[in-house]
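One chain, chain A, links the two complexes that follow: it is found with chain B in the first and with chain C in the second.
What follows is the complex of A and B.
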């Protein structure tokens, strides 16, 4: 009860603080003093505090199952474990927007705290731009998505959280993803401020780089968590389906990755200024577009919590305001002052980074067009088409071949003008990659030429970066680790795709099924009871030729609130392969529908994303010292 | 005896090749099923779904493959019946030229911009 009111009024106070902050900041802007008015940081901190209070009062309502709160009523239930009561806070539209606000205010506070050495006017402008975004979101939450709506009479019981969201990976997926997704807002605000102050320079690049890295690391990990969840929860054993909602998170990642590389050029050579600004604006715009597409209900998915046209229209208008604002700032203030001595030579680090950006933008355009085009076509001609995995594979996979090669060679080049050094070792590594690939691939029947090329390119990057580890003193360890991680990612995805095998069959208790070199034995079932679901647990044994037995226990859960049947896969992970089993009920029948998959190198996909993140983290600490 | 041996070998060979073609049609079948959307499910392919709709489509595809139909003709059959929405790989036609070609055009454009930038700076 109380929590409701505290939460609501904290939000209103938070909004008022935005206006207060803007007024003080504008006053301070024209004052001669060199230092930022100390009150500004205090006020930003207070604003953050109010959002935190609001957020915690919502969490408290969830913990106490306070059903006088409409959000809690719609998304929680008394029988749910505490952990999922808490994670339910952001597992819905209203709460997740509150999380947006929390991250927005957190980042501007941290930014002001950490940017002491930066020019005052630049910091103030960053604050102002960020406050525009924050005000927009405050208004959005308060007018269309208030998390503290009051219900009377107070219901006795809530409607419950969608069972497939009751999962540990998914509980932490939104906060991590948002730190990346919304963290891009500070890059947006800072770059606009820097444009307005004509401050896009080497110093600025050094300072903004760590913010780009932070967003990038969290975004990478957040996407991975979502992917892990899809892998074991959605029951089909894949980790990426090119679903519009997945694409929407991938798009800012691609543009952020391009920005990350581009910043390095700016840092060294004070060139590509316009492009850096464009990428900064693009990244956050894509985050906002994603929010619009998901929240407006245009895309149908797990993430579409509620379809309310008013929300869609609000975000759309807000999105246009932000785009017009940023383009306005860009065209009025931006001076392209890099026409001086900065020559680009064909063989140079800068050119290789331009090539990286070229491919990144291409991948981005594929994903963007593939995601958005069907919506436009539907609106214009009311014809519905599906754009699924084959489209993306056809347009992306061939381009990965040159991309991987450039990725291996680029970092070996020097800035400004370079020669290819140690040609022989490159050629030797290349030949080794091709031979290795050929021996691996020759027994597999599918599309030999294409896979040979793609795998060779991936191996080439793999060995090149590996050699870097072994021979050099690792002067650019973050880049090497990240590139190594990427080569590992592509290799494990490819091998996983080529070598995976699976079978779908109907089995009853006591039955055995022979699948390739393995035998699946359906031993027994057992019933279990939990507070929020009842389940049937099945016991399977997978025996291979050598007689090794692996036990797997998939489940069918019947959740009570809301009433819903889900299949929980069981997965045994080893370094070499995952064994994945999931079962479904067959109507009016003693048989169960069993799906068994053996998925080689699955765990390496996650490990390689961790390596990417590790590379980023090392880069983060290096820029600080 | 000799005839018997040849007979057995022949039997083995025919059996063997039959198995092979079975395996092949299975791979083809799975590939097709993964490329068809289950119209009544949310974001699932027919292959991944156990719904009645999916089961009926599986039977149709099975039948078509046994009749010796090609992959493309199965898709066109399904599209005619259920519309473009059913296949995950959009066919190239007047509705989808932009979808397929625009990314490639942008790629070429990007390449041209880079080449121009480097050449201009070098002059």
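What follows is the complex of A and C.
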């Protein structure tokens, strides 16, 4: 109860500090002193402290199961394990917005600490733009989604946390993803400030690159965690469904990746400035868009917490204010003063980066259209459609072929101007890739030409980056590792797609079922009790031709708070393949509905995203000479 | 010149997006599973809220009339919102309301009824929440419409609104 009050009032104090900060910053802006007013950093720190206090008091209410707090009441229950009580804090609308605020204030504080060598006016403008975003979120939280609403009479018991959200991967998925999303806010504010000060330069690129990398790493890992959760928990046996909610996290990632490469060009050649600014704006806008679509209830999915139009209207207006503000700054202040913009030599590293950026923009548009089109159609003609995976596969896969080739060749080229050299190694690798692919693919699928091209392109990237590891002294290891990770990602996704097999059948205890080279044996079932659910555990044995036995234990869980039945898949992961089994009750019958899948190279998808993140992390710690 | 055209196009596209998204917000987006297959009401025994006597489902639904089963609790905030509508439905004589008091304490529930009025012809106690499950409920509040053949013909998840009330009135005519 007490924590409620503290949390609420520190939020209000945090908001007041925003106004105070803006006033002091504007005063300091026109002063002649070269150094930033030290009070600004102290005030930013205090603001951060207030948000932290507020956040921790909400966590405290969750730990104590204080049901006088409406958020706690709606999303927690006394029988929940402590871990999920705590993760319940950000597993709901109000708490997750508080987390947004926390990361927003944290990042601007860190930015001010780390940007001592930058011009004062630029730092102040960044602070001001960031404070506009922060004020917007404070108002949003306080007016439409206060996490500290008081309930009276105090309910005895909470409504519980949605069982499918009770999962370790999902407990850390939102904070990581938010670090990525909100990291984009700093890039947004900083690039607007840099445009206004006409400071988009090589020095600026070096300084902002770290922030781009940080958000990129967190965004990549955040998306992966969500994907891992979908794979293990939702039990659909896939890792990516082109669900609108997944798409809204993929879009900022694509635009951030393009930005990362533009920054690399800007760092060397002081060009592509418009690209950098527009991509900075796009990335943050898309992150906000994601929040808007998910929070407003425009999209129906596991993430739709609440269906409150007032909230939607607030974010919508706020989003458009930010877009108009940023475009205004861009159109008024931005001078495209680099005459060498169009003077790219056709064979150079920046040209290949530019080409791939256009490809990434294309991928981004496909995802954007696929996500937004159903919403627009629904509004205009009240027709309900959903855009499925075939749309994305058809439009994206063919363009991956040149994309992968440029990705493999680009880093081999020199900046500014490169000569055509007789690099036999590249040609040899290319031929090896094609032959290898042809033999792998020959017996597997009907669409040989397409898959051969796509797989060879992926193999080509794989081998060229691998060769880089073995021969060169790794002067650009972060790029090589990240590109290697990406080739591995594409390869594992492709093989996973082509080689996966599935069977759905009804089985009862003691039955055997032949499936390809394997035999599924349904041994027995057992009942178990946990504090927050009861479960039926089934024991299956999968035997292959050589007599190797793998045991799988899928579960059907009946959660008590709220009452809900979920199927827990059991997955045995090896380096080569995942065996996935999930079962369902068949009403009024001794049979169980069993779905068994063998999914090759599943684990490599996660590993390759880790490699991507690793590449980024190395780039973060490496200082360029 | 080129810049002006860019600004103009951006402006038009943005306004278009804004209008569409704004309109989209006002579309109802709650998903209610279709209960096209008419389900029998479950057979059960329950304790009456006031008399504390055990009654069977046959006894509860014995009249040849429409019934509404409403799952509610005093701690449930949306239940307060829908309560006046239940009072309004109770004025209709071709339907009887049965309240299912879900995981509640007697005193709190009594206070709730005293304060907001009692629309129910009978209240049943569902102390451990099993009865709600028998009906196929996901949470509180939830409302079921039962026809003269004792089949569940409509189910409302979450608090009912005026539209739902109108729908019910149309169905029991």
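Observations
Note that the second predicted complex is superposed on the first by the 616 of 625 C-alpha atoms of A that agree within 3 Å, B and C clash if a C-alpha of one lies under 4 Å from a C-alpha of the other, contacts with A are read in each partner's own complex, and residues count from 1 in each chain.
Criterion: a residue touches a chain if its C-beta (ideal position, glycine included) is under 8 Å from a C-beta of that chain, and two chains touch if they have at least 3 such contacts.
It should be emphasised that the depicted structure is a prediction, and the values quoted were computed from it without experimental measurement.
Using the contact criterion defined above for the overlaid structures, shared-chain residue A:27 touches neither chain B nor chain C, since it reaches no partner.
Of the two partner chains placed by superposition, only chain C is touched by A:323; chain B is not. In the superposition on chain A, A:153 makes contact with chain C only, not with chain B. With both structures placed on the common chain, the touch criterion links A:116 to neither chain B nor chain C. Of the two partner chains, chain C is the only one that A:313 touches; chain B does not reach it.
More residues of chain A lie in touch with B than with the remaining chain of the pair chain B and chain C. Once the two complexes are overlaid on the shared chain, A:593 sits against chain B while remaining clear of chain C.
After overlaying the two complexes on the shared chain, residue contacts for A:331 are found with chain C alone; chain B is out of touch. After overlaying the two complexes on the shared chain, residue contacts for A:345 are found with chain B alone; chain C is out of touch. Comparing the two interfaces of chain A, the one with chain B and the one with chain C have residues 300 in common. In the complex of the two chains, the chain A residues touching chain C come out as 70, 73, 151, 153, 155-157, 159, 292, 296-298, 300, 307, 309, 312-313, 316, 320, 323-324, 327, 331, 375-376, 378-380, 562-564.
The part of chain B that touches chain A in the complex is made up of residues 34-35, 37, 42-45, 48, 50, 83-90, 95-96, 98-100, 102-104, 106-107, 110-111, 114, 117-118, 121-122. Looking at the complex, you find that chain C touches chain A at residues 3, 6-7, 10, 14, 18, 20-27, 29-31, 74-75, 77, 103, 105, 108, 129, 132-133, 138-139. On the side of chain A, the complex with chain B involves touching residues 235-236, 241, 243, 300-301, 342-346, 351, 354-355, 358, 361-362, 365-366, 369-370, 373, 377, 381, 383-391, 394-395, 399, 584, 586, 593.
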